[in-house]
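Multiple structures follow.
Two complexes, one shared chain (subunit A), two partners (subunit B, subunit C).
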Partner chain A sequence: MIKLEKLDQAFVEEVLAEPGGEHLLTCWSCGTCASTCLVRRYDPAFNPRLILHKAGLGFRTDVLSSVEIWQCSACDACYPRCPKQIHISEVMKAIRAIAIREGYERPGVVAQVDVASCIACGMCVAACPYEAITLEMSAHNGTSKMAAQVNRDLCMACGICNSVCLSSSIVVEGHTDERINDDLGVSPRLQRGTAKDTAKVLVITCNWCLHAMSDVSYAMQPPEGVKVVNVPCSGRVAAVFLASALQRGVDGVLVVGCKEGECHYKQGNALERGRVAVVQDLLDLLGIERSRAQFAWLGALDRGQFPKLVEQVVRDVQALGPLSWGQ
Partner chain B sequence: MLVDEIRFVVKNKLESLDGVVALAEERGRIMPHLYTPGDDLSTLTLGPRYALALVLRDILKRNPSLRLGMVARGCQERALIELANWRQLSLDQVVVIGFPCSAELAAECRCALPYPTEVIAGERVEGVKDRVFEEFQAAKSREERLAFWQRQFAKCIKCYGCRTICPLCFCDRCAMEQETWATRGRLPVPFPAFHVIKAMHTAGMGKCVGCHACEDACPADIPLSLLYALLRQDLRNLFGYDAGLQRAGKPPVFKIAEEG
Partner chain C sequence: MVDAARHPKIEILAYSEVERVDGYIGNFRAQVTKKPRYVRADLCNGCGACAKVCPIELPNSFELGIAPRKAIDVPHGQAVPLIYAVDLDNCIYCYKCVTACGKLDAIDFSQESETVDLDVGSIIVATGFDSFDPTVIPEYGYGRYPNVITTLEMERLANSAGPTVGRLIRPSDGKMPKSVVLVNCVGSRDSRYNEYCSGFCCMYTIKNALFLKQSDHDMDISIFYMDIRTPAKGYEEFYNRAREAGIRFIHGRPSQITEDAETHNLFVEAEDQALGQVIELETEMVCLSTAAIPRADTEHVASTLTLSRSPGGFFMEYHPKLRPVDSPTDGVFLAGAAQGPKDIPACVAQGSAAASRAARVLSADTWEIEPIVAHVWPEQCLSFQGKKCGLCAQACPYSAITVVQGQAAQVAQAKCHGCGGCVAECPNDAITQANFTDAQVVAQLRELLRDRPEDKILAFMCHWCSYGGADNAGTSHFEYPPTSRGIRVMCSARMDQDFILEAFRRGAGMVLVSGCHPQDCHYITGQRVAAKRFDRMPRALERIGINPERFRVEWISAAEGEKYARVITEMDAKLTSFDKAQLRAENDKARPEIEKRLRRWKAIPQMAELLAEEKQEKQEVPA
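Presenting the complex of A and B:
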């Protein structure tokens, strides 16, 4: 039930005046954004249409205190599909700007910097898709030094910063090197459950590219010899993860990222494509077949194609035979 | 002699600089040295090839107000430029006193650019056309390459000499020492993740200037500079990036982030 006393026309005006918020009231509430939204796959309660609707009616406190306004990562999957061409991520940004002004804080984890070991090379600043990182003088050991600093309100915890940091001085809790590395390689289950001559393939997939339920259930129950590991973004997959997986007994690694231009974190997939290309060439130099490390796109229009993709790579790796280290 | 000419230039430069980093020979040993105004320069030597650039960066990091010179070969000037591209020093604080390498050394290093941008003394020699990539790939089958590198890396005693001497290994905390990637006290180091870290964090990110310091430092004679030369060529092909060739150059990560 709508309680009229909760409606605040001033809030509507405020959003409209905020850069990006201009189109708030042009929404038809058709729900196309919600049906495209990738966040909904992980949190069905998230609904961009409802937030726009509530904001348009003036539910100030409801909107500003909601978790939802922080969840949109501006992947803009909805933007080209909106019949009214509302740049929804920009509206979300406008609402967030008001929330920040009013003292609300982004919930959940964000990237953390270890000031002691940060050498301020600026790679994370360059790689961050959200311009959430800057180099600032930071307090350290009673004095101050230049180090990366994360803006809590902008960070989306994708971990791309960690993947380009040479000393892992910037990390996202839950997706540290140790944590991800633990998941790589041959697990006892993969070892036991796999016939001797079946290729063992590790699939590292980003959280967002499996759109279809059939893809998700396949990932949860992969066929013999296949193991699927989730990371927030393909751009989180540092080169050493690929080498580590091969070293620890898998015959091939596939990194799956969103299609070009569709990355949930804007450019993580482009970074990863470049990185895997270097790793492939390095493997080739070392005498390891380049197709043992692969990168593939999975676009929004490729729903249900995940199993096909994996099976193709399994065939590639099967044709190479088990990865034998010779000595 | 070339070294006399360099000593003369260093003496002059010391009138306006706080110091000059160079190699010094004392009692038969050659080591990096910071010459300050008034110092006896007779110990200054051009010496063998040596990674001086990180020494300079370390001094500047502790004493940010200094302006220093460095007696540099081509590769060490490139190391300074690359360090600046990674924000580890400001080139405004550095004066390069450059000299060319001999033809023999250029051949030994397979160096395409055996001289700095400005040569204070001595004659530039022609660079060597680096065909190491094609030659290596043509000479060895995949199986032979794998056997070769496994044999080479099996010799590693994990002394970290290659990392410590590298002029572009500027981290305070090294990934190669993290327990996740290297188990303490375990030899031989499992192939290839540990060595992939070194390769990717230097040549694989566009940092390696090909100075051969890692190989000179390696007590096990692992041909690291061969692997990194191959990888440098690869980075050139993939991203058009050559470490240390461009002042205010943007390493590949920037390029990908900006252009997608």
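Presenting the complex of A and C:
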């Protein structure tokens, strides 16, 4: 049995005093955040309401040592829906700040920099949604050189840094360039000549844009001629992936990201949308129809839209016929 | 309503609007515009033959747009009085109604709007409420998904006199739903829209759930709630009945509702707190229990009748505990949901109370008022002297003062509540407030600052809030330094800036001005008058050489004893940090300038004597 009076009231005061933690006790546990949050799909135990409730009761060790406080990616999907207008990601940030002060470490993988090949161009610094990367003097081969450095406490492992890196020196374990390239690689299903009338379409979805189970199962068993590849964030998909997919025999690519303002990693979807536009312009220059590369938003409320979206793109590509690179 | 219509002493002016109200308790004059119905009230028998032949169909607002109405119609079947009216904006002048009315000849297109003046003793405001429009909550999909409806729509769909003759159907396909989800607290208890609890939604949601269960025993009914609030007599038993009837109660607020585009079925997602897990429920229909909100024209009515509004926007009562049906304007009473969300029993109770309060006025020959009303000394009044002024009328929250240029300002004493805002605002000290005259306040001030004034904090407190706050600090035994000295006036609006200057002239160390928080002001806008005045004060003090840090303004409610103690503690700490010799030097330097400004006080009765006494004291001191 938990003895409530034995819990640490000083912890409550500490969170309240931390910037961002002011609204800890405003919460009345309605559960709107818990059922909005998508992290629970990958970790059913994740529940922001419970973290706030526990912190409000004074469960110091339970809260500070929990994995959950590190899992909130500050997408703020719950914030506009919260009837008490509690900025939950800020409360999480406050709790994390206390955890860091007390020596707790973020669990799981974060981005890794290869100091040897890093050219300190600063692209990753600018692209990181969490301001987790800085350029620092780092030890290398007995001397020191300027290189990117990842703050373990801030990194959310979205891989956006990897997608902008000019020298492929920053990687997130689990979704390296090689791995994604392999995933995107033309599968037998998509090889030319296997299915005459169906177009070969590659669909890239992010981890967070498909909400309804029916959409998820459609993505797992797409119709013939369509391949669906999952990436952590649409912003992870560098333009070169799209170009090489088209080169390797795909007739059309569709990248699906979260709805504007709903990105799980703050701005990955906006970044990707711009990239797809660049690829489209490139196709124009090459005399190839620009609609062979497409981008689409999918929001939390778009139940059942994903199959329709894919079918529409398949129809578009079918109308264009097989992709020919000409001379 | 029918009883009221038949009563020989009740006249119902339906389809009319109150344009303006003058006068005061017992003697109001209301200007009412009767809109033209284009149907003669004395001839129409409500048969409805005209509506049957009218070719124009429009959305019926009583049926929330679910059913049509005609361009000649009554609002609804039970309307009192049952007189048809032509909607001229949509009439095509085919005159079929005139033919249908036949010999009765009640339709008269030559009618014009008519203005009547009514002399009344008291007024009851019972303007009701509006229902919150949930279209603004995107995650609930109202307006986007056909099968998400509001409670009022459900009421009409389930009503045997409604558009579907009592058959509850899904708007998407017209079929009876086999499952319904009811969602509580839509637009209420939500700081994005309305902070307050609408109060009666829990009960009507349970009522609807039971009603549905009775109409179809196999129907799957779920209620999503944050808290179920059934505090009144017999309500908890009703709630228990619903639980036992098999209605599913889920403790969790839905985060979103999505739709299957083919079946138009809905998916409600929420966290069931009892399970601690996120659940999804597929249902055929969702009904949102929307908040009760103030009517859109509340502000208009408030300005017509000089009423104030509570933070939620409803009309504010005179006192939340002791005078819950009185408005701030004497003789005007509040009843029903116009004063705040409430259910039918509470509305009936408040309506009865308002009626008896109103009758009290009607049966009295004389009316007692507080002995603190304002008086004008005519020859002092700038308007009487031919100048353009009227500051007193601007400051009056009750429109009790009329200023006509060339004549002295007139105070309607029955309307005056004695806040004293006019007295403080008058640039020529031509108004005084009984029992709170300038001389009386200054005499208090003199006594409080007689010894070692530079060690003291002079605190001006309003009767209703900050004085209560100081009292609360005392009764709660909150400790604060003994250096403060308080002067109570009725409202912060009474705190003349001359009093502040006089306090510094008498050598006060610090001065605190305190009153109600803006939304709590007992005199509607008194606090605002004061806030505006004291915004200018620090600069004025600086100009005469007084450190503005020695002056502070704080809004302290009667419950904030802790705040009062804290403010005084902070001020005391600051006062201790000042060099006393420098303080005295500052006061001495400012004294001649202040004396120059307060020279006009000599014209105020009793004040001259007070000033003379001071001179006498001074002469005595050297002796």
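By definition in this document, the second predicted complex is superposed on the first by the 312 of 327 C-alpha atoms of A that agree within 3 Å, B and C clash if a C-alpha of one lies under 4 Å from a C-alpha of the other, contacts with A are read in each partner's own complex, and residues count from 1 in each chain.
In this section, a residue touches a chain if its C-beta (ideal position, glycine included) is under 8 Å from a C-beta of that chain, and two chains touch if they have at least 3 such contacts.
Fair warning: this is a prediction, and the values are worked out from it, not measured in the lab.
Trainee: For A:121, is the partner it touches subunit B (first), subunit C (second), both, or none of the two (neither)?
Mentor: So A:121 only meets subunit B here.
Trainee: Between subunit B (first) and subunit C (second), which, if any, makes contact with A:270: first, second, both or neither?
Mentor: It touches subunit B, and subunit C stays clear.
Trainee: Should A:243 be classified as contacting the first partner (subunit B), the second (subunit C), both, or neither?
Mentor: A:243 sits against subunit B, while subunit C stays out of touch.
Trainee: After lining up the shared chain so the two structures overlap, which partner does A:60 touch, if you call subunit B first and subunit C second: first, second, both or neither?
Mentor: After superposition on chain A, A:60 lies in contact with neither partner.
Trainee: Please name the chain, subunit B or subunit C, that touches the greater number of residues in subunit A.
Mentor: B
Trainee: For A:47 in the superposed arrangement: first (subunit B), second (subunit C), both or neither?
Mentor: So A:47 only meets subunit C here.
Trainee: Taking the contacts subunit A makes with subunit B in one complex and with subunit C in the other, which residues are shared?
Mentor: No residue of subunit A touches both subunit B and subunit C.
Trainee: Would you mind writing out the residues of subunit A in touch with subunit B in their complex?
Mentor: It is residues 114, 116-117, 119-123, 126-127, 135, 164, 166-169, 177-178, 181, 239-240, 243-244, 246-247, 260-261, 267, 270-271, 274, 277-279, 281-282, 284-289, 325-327 of subunit A that touch subunit B.
Trainee: For a test of understanding, state which residues of subunit C touch subunit A in their complex under the given definition.
Mentor: Where subunit C meets subunit A, its residues are 138-139, 141, 185, 189-192, 226, 252-256, 258-262, 267, 269-273, 276-279.
Trainee: Help me check something: in the complex, which residues belonging to subunit A touch subunit C?
Mentor: Those residues of subunit A that touch subunit C are 28-36, 40, 44, 47, 49-50, 78, 80-81, 83-85, 211-212, 300-304.
Trainee: If you look only at subunit B, which of its residues touch subunit A in the complex?
Mentor: Checking each residue of subunit B against subunit A gives 86-88, 136-137, 140, 142-151, 154, 170-175, 178, 180-181, 190-193, 196-197, 199-201, 204-205, 227, 230-231, 234-235, 238-239, 250-254, 256-260.
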